Amino acid sequence: MRKYGIIGVGHVGATTAYTLVTKGIADELILLDDHNEAKAMAEKLDLEDAQARLDTRTRIKVGDYAELADADILFVTAGNIHALDNASGNRWAEFSYTREIVQDIAPKIKASGFKGVLIDVMNPCDCITYYLQQTTGLPQSHVLGTGTFLDTARMQKVVSDQFDVDPKNVTGYVYGEHGESQFSAWSTVRVNGLPIKELAADKDIDLNELEDAARRGGWAVHSGKGYTSYAIATCAVKLSQAVLADANLACPCSAFSEKYQTYVGQPAIIGKDGVVSVTELPLTAAEEAKFKRSAGLIREKFETLPGMAKKAVKTA
Amino acid sequence: MRKYGIIGVGHVGATTAYTLVTKGIADELILLDDHNEAKAMAEKLDLEDAQARLDTRTRIKVGDYAELADADILFVTAGNIHALDNASGNRWAEFSYTREIVQDIAPKIKASGFKGVLIDVMNPCDCITYYLQQTTGLPQSHVLGTGTFLDTARMQKVVSDQFDVDPKNVTGYVYGEHGESQFSAWSTVRVNGLPIKELAADKDIDLNELEDAARRGGWAVHSGKGYTSYAIATCAVKLSQAVLADANLACPCSAFSEKYQTYVGQPAIIGKDGVVSVTELPLTAAEEAKFKRSAGLIREKFETLPGMAKKAVKTA
Amino acid sequence: MRKYGIIGVGHVGATTAYTLVTKGIADELILLDDHNEAKAMAEKLDLEDAQARLDTRTRIKVGDYAELADADILFVTAGNIHALDNASGNRWAEFSYTREIVQDIAPKIKASGFKGVLIDVMNPCDCITYYLQQTTGLPQSHVLGTGTFLDTARMQKVVSDQFDVDPKNVTGYVYGEHGESQFSAWSTVRVNGLPIKELAADKDIDLNELEDAARRGGWAVHSGKGYTSYAIATCAVKLSQAVLADANLACPCSAFSEKYQTYVGQPAIIGKDGVVSVTELPLTAAEEAKFKRSAGLIREKFETLPGMAKKAVKTA
Amino acid sequence: MRKYGIIGVGHVGATTAYTLVTKGIADELILLDDHNEAKAMAEKLDLEDAQARLDTRTRIKVGDYAELADADILFVTAGNIHALDNASGNRWAEFSYTREIVQDIAPKIKASGFKGVLIDVMNPCDCITYYLQQTTGLPQSHVLGTGTFLDTARMQKVVSDQFDVDPKNVTGYVYGEHGESQFSAWSTVRVNGLPIKELAADKDIDLNELEDAARRGGWAVHSGKGYTSYAIATCAVKLSQAVLADANLACPCSAFSEKYQTYVGQPAIIGKDGVVSVTELPLTAAEEAKFKRSAGLIREKFETLPGMAKKAVKTA
């Protein structure tokens, strides 16, 4: 049986829950939201009201961390989206909230005896993911963040619009922070199998504009609806499916970089133990420099978290 | 190709859109929201950002009513959920808003040349559904409301909790207004094939309490999350699937009653032309009286809509 | 993770495997066929060749019974369909083959340490299911047969054709042997919520003809394609989903009858431990007599299996 | 509504039908098999018997070519698999049968007034696809063959096994005939984003062996089960979904090559009009030579079909 937990039942957590239920992916689902258990309960009811009209059933429980002991997947989605309302594109604006929340959540996860794979969706994603790994005591492979899995999807969408093709025709990766210092590694990107750099040169397309559109994609959604939910939930669920099926699926996500000693968005292989490996693609020197800079920014912020100062960090 | 339109991209409209996209049900989707086109555009973006991670593709467009001319299904979901914040269980509280909105929307639907099946999700559902049928000029069968399809799902959930079974083991119907005057027609309800009245007598279960829990189900969700979305979207999508597949599926919904000369929640058969027929089950005298009263309340409110006074109404 | 095993990779076993893979239901799948491991291997390859085109992944292994130790579900589908080629509607014609096969399979299941739920699809279904329960040492609830779940689906189809409605509008059950002595318990059957006996009386429909059409449904398929596969695989998978989700879903199937001391097709509730309970519906005296007779025939044949003579049987 | 037709209800046609029904993809399905209408009818029954257990409904009809007039998709799957039993890897062995069958089928398709997209699954695929395009009078874009879509999936599987990753991590294409003269264009193939040629050099992997394993994949399946069905049906359905959703999805398939004046397996973009375009990737000189040779073989056989001699061919 597939057992999922979700901590934080805001827009992202609730949409993730709905996705798991409406597609019959989860057999059992634990919703946890210490800061708004009434909402968790309401989401449970709304999901249960749907089940007479679905072909599958998911057992839903609210509020008991002990249920995580035998869960396969745990999504951590707590946050305060309103912190971003005037953030002008800066996901760090949410950090003052989420740094407190995660200090509350992490010990509870540890105490629950959770042994599965933790998928972090909180922002700033890379920094919080790293903190969760350090404080829950879970193996490094078992903790990952959605990171640039979403940004890569946005890049694929922006590029696919440009060429009027299915976004799945676009391969390649966005690297770095799930935030402003991210970048599209155009040397890795292909459209219908053709290098985008060549296509862009032929057609006089400005890749910087496409990169910016991809990076700003989340803010475009945020400004219109006040939050983002569908794409991020879809990404989170897909990562979890790769874990449950032991798929060894290639997904960019926030995974630990030995080279830069931090969690950061990069191509990884996802299987039953979470991050099976990271894939080192031959980036250009300029791309590598951007990657290093972005990783450095994450690491710097990470060290401001209590107990995470340089010397304290030990990678498992 | 399956072409859907959605008017109103609030929580219900957006969740309906997400369901159609994430489950690969719609090939083409038109989002329309004159009062908040920015949100419609943001939902489009969020849904498109998801598509690189989905196995199917849905083409999404925003804002052009003319696209409805060859759509198969049109959901009308406009509303103002905040009208209900202090409504104490009275969906008519939304009527002062929605009666205005629907007068704006109906002529646009008519002008679009839409010829498919219109599924109304606006509240008060039965009254607005009737108005939409009268003003769009669509055949009676082509216009239906989600009505008690949702209330019946809630009844099934409440009953299934009582007996610890799958909600699909519970058959039978909630009749009447999608609102306070609705009732669970217990004479039609069976659990695992056994009449609930007998089970309730054996086990000393108070059916009035269960009925009240079903009726209040929506408010429980509303009070915890500020709106309802997942169950209603699931119901709306299921009705549309019955239409597209010409399933002749038995679904309670808001359909026209010849006897009571109004749209009202009752068992119906849903196929490619919408409501193929309504099913007359042998209700008890007390149930029939409740049904009559509920239908009367709807009809009364309906007649307060401009141009809908008694003599003007002609059923197609 | 959802782990499935299938013993016997003929038409039914292979179609079941394909269903689990193509719908992303199974995370891991073990195919076992001692009598045709080459076919099991070919089915594995064919299913794996499909996976580049599917959104989900299923890990497939062939031939190792030890893998069953931690499987959730085991389908047993071995048989010899050609035994039925001239059987004129008599599933017992397959018994001379399957009684040998099951004596080979049962000890291997036991030795594997399988602790999940066993769903038997072999024919004659009820008899073989009972034998598997007795010889594997699994708890009674953990062993069930597809039994009249398929025959009920056929009855629903035949009735739905008669009334031009969705088969899901037809509720009620076929009882007894998955074979000739089965019967449609018309007192339990409703169409769109209305008792079929009343509808039949109104419309001058011969229920005996419908019953016969349902009973002969499998033979109609068999005579045209040489075997049956899609409906039976769909039924088997649905039972397994009810187990994995702990759905407590009402399904007629071959479950143990305390009253008649044999496995026999009857309404049951299916949850995580298999058969949670059987549902005793108020049959007519004539129906009860048919049920008793059918159960008796099964029991009689069952006792011809080695070690299953009357006194040896002990129900868990 | 999505309306499908299938001509030829053997293993591939029936499995395709089951996939469309069990996944709720088709709203309406027409099964046509002049040579075995009893089997078509049996498959219809088996699929209908399944529908009481499925969440969706598909209306199925048998035998009326006129129904194709408004169908969206037509699969042509007729063949004689036994022609391959001693074929030693030569799909042309089936040609003596299929060249007759297709001369019978093509005029019936034309007479039906079918205007949708025809997806050919008959063997030898490229040759028959070309013939169907010429004789049905459908536009070139509206006729395609599954061609190397399946062979590419097999290459992805073989490569993914070598590297223990998800087959979807493997990108790139098999070109040429759906038959012996096909080849894996290794210059286009990447694993986890890395060029396979480099990975193979590093790890001392023989790409010729992998290519041979991919090419022989179908025969491995055939020798074990007597036919292939699951992967080919999955490929066919996926192509049709790209058409219905107007996805512009990159899929290698049998599409017309202007350069070589024949249908042949190559990367193409699939949208609502079928083949939107073919993608010219920069092959190596050796690959281009293989492609030319393979296309030449197809063209040569094609010209042996009645009326298809050189001068008669006019590309639309």
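Observations on the structure shown:
Order of writing sets the chain letters: A, B, C and D. Residues in each chain are counted from 1.
One rule holds in what follows: contacts are C-beta pairs under 8 Å (C-beta built on N, C-alpha and C of every residue); 3 or more make two chains touch, one makes a residue touch a chain.
Which chain is which protein? Per UniProt: A, B, C, D = L-2-hydroxyisocaproate dehydrogenase.
Only a predicted model underlies this, so the values are computations on that prediction, with no experimental measurement involved.
Relative to the C-alpha centre of chain D, the farthest chain centre belongs to B.
The interface holding more C-beta pairs in contact, when B-D is weighed against B-C, is B-C. Rounded to a whole number, the gap between the C-alpha centres of chain B and chain C is 37 angstrom.
With centres defined as mean CA coordinates, chain D is found 42 Å away from chain B. Shared contact sites, meaning residues of chain A that touch two or more other chains, fall at 54, 57, 166, 168, 242, 247, 249.
Within the complex formed with chain A, the residues of chain C that make contact are 1-2, 24, 27-28, 56-59, 72, 241-242, 244-247, 249, 272. The touching residues of chain B, counted against chain C in their complex, run 54-55, 164-166, 168-169, 171-173, 188, 190, 192-194, 242, 247-250, 267, 269, 279, 281.
Here chain C touches chain D in the complex through residues 14-15, 18-19, 21-23, 38-43, 45-54, 57, 149-150, 152-154, 156-157, 160, 166-168, 170, 217, 220-225, 228-231, 233-235, 238, going by the rule given at the top.
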